[in-house]
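Note that subunit A is present in both complexes that follow, paired respectively with subunit B and with subunit C.
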Partner chain A sequence: MTRLSFLILAMGLTAALSVSAITAEEIIANVERNEINEEERIDGSMIISDRFGSRVKTFISYASGADKMLLEFTNPEEKGQKILRLEDEIYLYFPEAEEVIHLQGSALKESVMGSDFSYEDMTGEGDLLDQYKVTLLGEETIDGRRHYHLELEAKKRGLAYPKQEAWVDAEYWVMTRANSYSLSGRLLKEMELGDIRKVAGKYVPHYIIMRDAMKKNSSTEMRIEKIDLQADLPPNVFSLEELTW
Partner chain B sequence: MRARCLGSTGFAALLILLALALVPVNLAAEVASSVTITGYNTLYYSGDPEDPVAVAAVLKSSLNVDSVGNKNVKAYLQLDSWITDTVNFDVPRAYIKVRFPWFRLTLGKTRVSWGDGFVFNAGDVVFASMGTISDDLFAETLRDETAWLVALNLPVGPFSFFEAVFLPYDPLGLGDSSHPVSGGVRGAFKLDRLKTTVEAGYLVSRPYWEHRPYISLHGHLLVDWNLSASMAIPIDNPQWRQWDEWIGISAGMFHLVNLGLNRTLSFRLEAAIRPGAEWEEASAGTDYGLFLFPEIAFSPTDTLSLQLRSFVSPVDQSALFMVGGNWNVYQGLDVFSYLTFMAGEWKKDFFSLDQEGSVSWTAGLEFVY
Partner chain C sequence: MKLAKIAFRNIRRNRRRSLLSGTAIVVATMAITFLFSYITGFLGDYESNVVRYLTGHVRIRHVEYDEHEQLNPLHLSVANYEEVVRKLEAEDGVVAVVPRTRFFTAIYRNDQTFGGIGLGVDFEREKEMMNIQDSLVQGRLPRTGEREMILSAGLARDLDLEVGEKLTLLTKNKYMGMSGMTFLVTGIVRFQVAGFNDSFFLMPIDTAARFLKMDDEATEVLVMLRDPKQVDAFVEKTRVILSNSGWNDLSVQAWTKVGIIYGMIRYAQNIYDIFALIFFLLASTVIVNTTMMVIYERTREIGTVAAMGMTPREIVRLFFLEAFYIGAIAAFIGVLIGVAITLPLARTGINVGGIMEGVDMELSSVLYPQLNIRSTVFVFFYATAIASLASFIPSRRAAKIEPVEALRAV
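This part shows the complex of A and B:
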């Protein structure tokens, strides 16, 4: 063995060791570190497509950590309607009726404004590692970029998706693809994330496409028009006062 | 649907308001506006033996103008018009809300919803939401009354607050018009451990010369539930033996079942109980002690919803039913159709076929832009 080929083999082994050294839990922790922010504000849009065409809904959302979020629709059809998530509770506000509706249990799986996103999809499911057992299945190259392939199995009942498969960009720590399955293993939803940009030191996908595997010709695309990861949110933004304002 | 007829002065004032509302739309970015146009035709049984069938065509338009851009001040104006063979106008909402560091002030005409309940709400001592509704049963919101008010809201926690309300005019317009003023306070507190919100308040109503205390609870235990009770106690010489005539109780539950992705089935049941009202079958028009509101809604897809709603009078075994559907075809466009009919003994029961509109079929379109 020449000195050069020994060096190449040693480098290869080191690389292989470094890959296997990372655990599935560490990958998810890196993903959450990248995507969960102390305080953020997003101006975005949701484009719902079906066989009759597209419907556009615009929104502003405020989030703090993994379990607090307030989303307000700004398009004319749903203007002023709000969704507030506080830990495991979701509140909906309908301005015309001045009515607050409290969602719990299966209602969280209901579609948001006819989109392919459920209330849980829109507001996050909280800490993934608390809720899912994760397994690293291997590495794959997608669009020329190294990805980790993971499997997530629900630790408890009642989660929106009992089983998920996810692909995480090994450099950006962004989940670029995810498939969700039912308990019987039936594909429910496919999600694809892209247009990744660096914002305030973090990698942020600026579009998400969700396809409902149960419906033909149906998809929902969520686009981030503007994002502020250092938003100085008012202290009472996740409250009844703000929800009904 | 109720329209308020305006005289020529009112009409002119409304046109000026409309013009004022529209001008800033084009001049400033601090205003957001939307228009909802709803057109429908109704074929109904009129109750008139000589001319039993009638047709009504209505085009309702609603212009909504609200301020944007100021985090601490909100203003909103809603102008409604109903076009049939005549034109009627109303201003159901026109208000300013200001958020100060410690409290929130609302001034103008808007909705004030005390207590809890979709249709029956004994805690709503402002509008007394304990009666049945016979028109527009397909509406998303069945109770949409607004009132001229000044409200001061003081938050004391993320889901707890105190509120004081002053109503310079009679919200129902049925009381003593020479003394139209009402006022009251309420407090709401969330008990996290019990997953229950407790609300209690008091209103003094001069138009009806009554004290109106109430308590309302709502929470979640397997289903969403609510329970409210209120009293309307005469201010002058109350006869406490008649307490059962003053009391109103409402109770309700709501549950939504997921039938696979984006397919949902929901159930709602509410009850209005008045111990002092009539509990035995009597003549037509009697106000009975118990009314029920069952509702079943099924959404087979994200854009289609089907509903069955009913008001049931168990005492005389009569009912009003509404069955209908709504399809969101394109962005902002909905197609709807519904049938309402009453079931009860002719000229005897609370709901019966001899009444105007006891059977009707409505079909129409709604567009929001």
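This part shows the complex of A and C:
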């Protein structure tokens, strides 16, 4: 064996070892560990662009772990409207409605405020490994950074996206790109995350662009204006009773 | 004159035969008279409902609204609609000017989602258009500015909801965001148009504006004219009025040019014309068949009168006169019966609600046949003429046969 062929073999082995050094499940676990916080507060905005132009919706969101989230809109048109997520259940509160709406079934597929996000997109966070069989397809370089390329296939029926493809930054453990597909392989949504900043020891993307492939000329950019990962949230903020107050 | 007497005597002599021939003509003319009245009523109802419920004689919308109608683009609206309404109300020949805001909603009730179509209306102005008050079967109309609504009977049934209960609606607002509001149901309405009874609900237009985050905006303004024939002239006049007042983003359309609706009416008219023609031909066949059969049956009689010296020309005239008298009398009776059936039904109507349930067509659940004098007179003359002419073929043929041979006929 010549020196050159030895070198090529050694390089191949190193590459193979580096891919297999981490499993797909470990990558997802790292992503979730970085993404999920004990208590967080975000002040943000959504810029929704479609054939009719652009609209801005501002919001404050509170989250605790992977299962609880409260989104309150602050822009004048929807001021005071709230979306509460408790595990996989979604509740809507409107200041002029006398009851809290519990969204179920096909209503979860509806768009949030006319954006490219659906209510379904807000659920199922934090339990990707329960819902999907994850396969590591390899490594890719995106914008000069090393990424893991993953494929996610639904383990059970009824999930919003039977197939997904994700690219995870190998250093920050942030999913910087994700494509969602139907069972037949049709692209449903495209998501890009960027402007990653280190906040309280974690890497947080400060913008997300979502494109619903079923909508023509439509995209939604979500921006984080302010983030507090050690927020001291009011008690019962995630309760149905508190929602109507 | 002599032949006329003989013809009358022949009719009286064999009453059963005359009755058979006459009955066929009576039934045919009666049925055609009624059918024509029904079709006239049907098309009139369809046209009236399209104008009252959907388009008015003139429809004003934002110039881009139609292109995106499926997306319920509330931002493409008629701004300052009150001013538009007031300006057009001042014009001659205007019966009503109504602003409307149409929107789609999701209705959440008992953990189920229902679809609904909302209409924000000015109940006072709608008296001349949809006349909602008369369609109210329970409760009262909503009050201006209040969070109140009335439901169509079908929707109330599907939602299992009664007057006095509350209902929460979700909709996409003018800014494409969500709006939710709870409304008191003050009444149940059974619209004339069966298709409206499944999913429609109405609320005051200012309440709808608050719900949809619209200002002094409506999705459309409809105008009803005293004389619909003046529609094109009124459209031109409206365009000038709006343009002079600075509304340059509005489209003014005559109802005959709105989408496919008018085309649908023309299509329905054609279908019904074909339907009437087929029925007309069938009825003609019955008349011709009966008349010819009756004359063929009388070949021996023809032989006898020929043997007695009546010329073939006289024989043909005799049978023509017989057929003419029977035809005229029977057609008159048939038309009279047809009119007698139509007139009370024109008042009470025919309930087709069961048949029309779930049919997405602007037809009333009760149809009122309309007697059309021109077609009724035409039916009378047509039936008489057909019966008379039908006598020519067999009588001419029989008259040509030698009397001896004719006498042998069975």
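General remarks:
Assume the second predicted complex is superposed on the first by the 222 of 245 C-alpha atoms of A that agree within 3 Å, B and C clash if a C-alpha of one lies under 4 Å from a C-alpha of the other, contacts with A are read in each partner's own complex, and residues count from 1 in each chain.
Heads up, the rule we're going with is that a residue touches a chain if its C-beta (ideal position, glycine included) is under 8 Å from a C-beta of that chain, and two chains touch if they have at least 3 such contacts.
Keep in mind the model is a prediction, meaning the values are calculated, not measured.
In the three-chain model built by superposing on subunit A, subunit B clashes with subunit C. Contacts of A:N30 after superposition on the shared chain: neither subunit B nor subunit C is touched. By the touch criterion defined above, A:E241 reaches subunit B but does not reach subunit C. Once the two complexes are overlaid on the shared chain, A:L188 sits against subunit B while remaining clear of subunit C.
When both complexes are overlaid on chain A, the residue A:E77 reaches subunit B and subunit C alike.
In the overlay built on the shared chain, the residue A:S64 is in contact with neither subunit B nor subunit C.
In the superposition on chain A, A:L92 makes contact with subunit C only, while subunit B stays out of contact range. Of the two partner chains, neither subunit B nor subunit C is touched by A:Q131. Of the two partner chains placed by superposition, subunit B and subunit C are both touched by A:F52.
For subunit A, the partner with contacts to more residues, out of subunit B and subunit C, is B.
Once both structures are placed on chain A, subunit A residues 48, 50, 52, 55, 77, 94, 96-99, 102, 104, 106-107, 110, 114 are touched by subunit B and, in the other complex, by subunit C.
In the complex of the two chains, the subunit A residues touching subunit C come out as 48, 50-52, 55, 57, 73, 77-78, 81, 92, 94, 96-99, 101-102, 104-107, 110, 112-114.
Interface residues of subunit A facing subunit B in the complex, by the touch rule stated above, are 48, 50, 52-56, 74, 76-77, 79-80, 86, 94, 96-99, 102, 104, 106-107, 109-111, 114-116, 188-189, 212, 214-215, 234, 236, 238-241, 245.
The part of subunit B that touches subunit A in the complex is made up of residues 32, 34-35, 64, 66, 71, 74, 97, 99, 104, 110-113, 140-141, 143-144, 153, 155, 158-161, 218, 220, 224, 256-258, 260-262, 264, 301-303, 328-332, 368-369.
Within the complex formed with subunit A, the residues of subunit C that make contact are 68, 73, 75, 106, 108, 111, 113, 147, 166, 168, 170, 172-182, 211, 213.
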